[in-house]
């Protein structure tokens, strides 16, 4: 039987097509590698630049004046810690409550509006949040840790709300029904059966939100402002790590720039530990 | 005291007690109701917060609009000595730096999404995807620091001289190669929005049914032709949504841009020149405004930025929502 | 033309460790409709996906053996899967016209891929394919409209037209009517019987009545093995194998 079929690549067009396909796959591989490069570059650079300055003084001393060497960022670390903690006190309960509402009671058109508003709040530029808190608090009470923490909480709120919602939605419905069928009121079903069942995942979501706000600079610039010293109270201008890095970076003094890198390393380590940790947790849970 | 109360409220009453006392219905309903309204309040509180934000910022910026009128939008002059305030140069800076970022980031992000979703085996896709996702976790101040001390010098010594040599006749590439400026901001923003766009695009690609890909292959398409036909063409509107979302993120980005854009409130065609965005002028001047009018004008800049990003993000979310619905409802 | 268009020798297909198709030998003649029946998971879909080398696209999937298409081994050395697939059309379970393309473009896409650019050649081929798939009168006034706007049955006929347009000697169909209503199903069955004049059809079906209505020969698969293959009338009336009989009489499946 004589065959007319040719199943090999012989024609010019086919050869061209095959080559083009392989070429473009090569380009796509290159683009993927290119996109991975900045992360490796940035993290390696921050580590190598910052690691040498992470000494005891960095964590325990106040910054020295411009031109002097030595000193640390103790005030900024304490300030950031305080404000993030305060932000959690407001942002986590509120965000979780909203998230539970969206997941457990959120159906129909109004829920869609709520969800949309939450998403929009996530995408409000953080500097605009700063202006809002300036008008709401700073005008009346001055720059303070309170104002800074509230600004951070506004940023944290929608993140926590949406992650809580997504996590609770993963729980199959029959578990809710089983609880309700036992005659347990709905609010107890939610708080004593649903929430404890996924507390690990909820914590994961909250941790990621904390990692996000801990690095925020813009909303603190004109709410907490910054401080060369330790703040005496929560209603005083307060230093924070990101703002201090910013101020040191643009100071033009090499020793302050050196400390800015060390501060950046602290931030990056904090964020990475949380991200790696949560991923490891999720991976561990899956397997 | 409080913990005791909480414990009493939540944990002390036994379930069996409730079952044995079905007549105390009102009590059960009461707890449910309080809980429900608490949650509802929290959720509507977010809407209220958003509205309050718009209202308060509008009120704070009102003096600027009433004093400056339309010149606020038509003037590019920003001078606290002469009390002239116009937003135009910041809008220009914001738009150009963001568009530049999108232009750099889109081909890379879509390429990444194609490669990781459609071509790479999972042992390769997972670590690469992780490295790209982690870009989104780096705080923007760290990007700024890196941009100022690493990226800008790199551009100054290696990229800008080459561009000057070959494209110096082109108005986009003229002037002294300083490193910092519009180009640097664009590149840095591109790195920052790549994870956003690629993650969104990957979601869109994941939603496309496998059968489209098989149909293309079954017709004798090469791998690239299959990607073009079944993935890119099918996912076009989703990709557009992802790109707009990335654009929204670039528009509002503050710290990184402030640190590398040069901070000059002027309009220049050349990408080597310094500029100023709506976000960067706020970061630079808000805490130390000299006059009430300047503060109001700055707030008005914030309002403009706020509105632009609300509109852009609404459009993006609408598109993404429609696309996801389309795939779920359709095939 | 007479003789064998497809000849399958010792075909084995795997998904990682799972042995999905076991040592299958089977041949198909020109202008014939062959139906593959068997309970779900018996490997018949996997089997036909080996006939146009689509099986290997699934991660972790591989196959061994020889498949002769018109005297050429599609698993032979130097053979390109892309060219193989152009010569073996495929119609899927669910209608899947390309969402971004018009009706015309959906049919023309195979030719365009093969490098045909001349407008007149394309429109001629599109019309011919649409006529053969009995869709021409329904869509000739809206060729520019998106293909996804058609009804399910029309979409499936569009997919058949898409496969026909490149004039392959063989078309594979993987349960093409399982997602359609009875009327659309009847139309497609009618169409398949007519297509016999132009192409050879290998069709996987769950529906034994369908197999008996349209096919000349039927193959019965069970747990990855080809149990029995022969004239459809014979398989359904006097099956040789006990398992075939049990399946056909509804004892299992």
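Read from first to last, the chains carry the letters A, B and C; within each, the first residue is number 1.
Following the convention adopted for this analysis, a contact is a pair of C-beta atoms (placed from the backbone, for glycine too) under 8 Å apart; a residue touches a chain by one contact, two chains touch by 3 or more.
Keep in mind the model is a prediction, meaning the values are calculated, not measured.
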Shared interface partners, meaning chains that touch subunit B and subunit C: A
Chain at maximum distance from subunit C, centres defined as averaged CA atoms: A
Which of A-B and A-C has more C-beta pairs touching across its chains: A-B
Mean-CA-position distance for subunit C and subunit B (Å): 47
Subunit A and subunit B, separation of their C-alpha mean positions in angstrom: 13
Between subunit C and subunit A, distance of the C-alpha-averaged centres to the nearest whole Å: 51
Contacts with two or more other chains, residues of subunit B listed in rising order: 222, 225
Residues within subunit A bordering two or more other chains: 17-18
Subunit C, residues touching no fewer than two other chains: 82-84, 87, 113-114
Touching residues on subunit C, where the partner in the complex is subunit A: 3, 69-72, 74, 76, 78-80, 82-84, 87, 113-115, 169
Touch list for subunit B against partner subunit C, complex: 121-122, 209, 211-212, 214-222, 225, 229-230, 233-234, 236, 330-331
Touching residues on subunit B, where the partner in the complex is subunit A: 10-11, 15, 18-19, 22, 28-29, 31-32, 34-36, 38-47, 49-50, 52-53, 56-57, 59-60, 107-109, 111-112, 114-116, 119-120, 128, 130-132, 134-135, 137-146, 148-150, 191, 194, 198, 222-225, 248-249, 251-255, 259, 279, 282-283, 286-287, 299, 302, 305-306, 309-310, 313-314, 317
Touching residues on subunit A, where the partner in the complex is subunit C: 1-9, 11, 13-14, 17-18
Subunit B partner contacts - residues on subunit A that touch it in the complex: 17-18, 20-21, 24-25, 27-29, 31-36, 38-40, 42-43, 45-46, 94, 97-98, 100-102, 104-106, 113-114, 116-121, 123-132, 134-136, 154, 157-158, 161, 182-188, 190-192, 211, 214-218, 221-222, 225, 242, 245-246, 249-250, 257, 260-261, 264, 267-268, 271-272, 275, 279
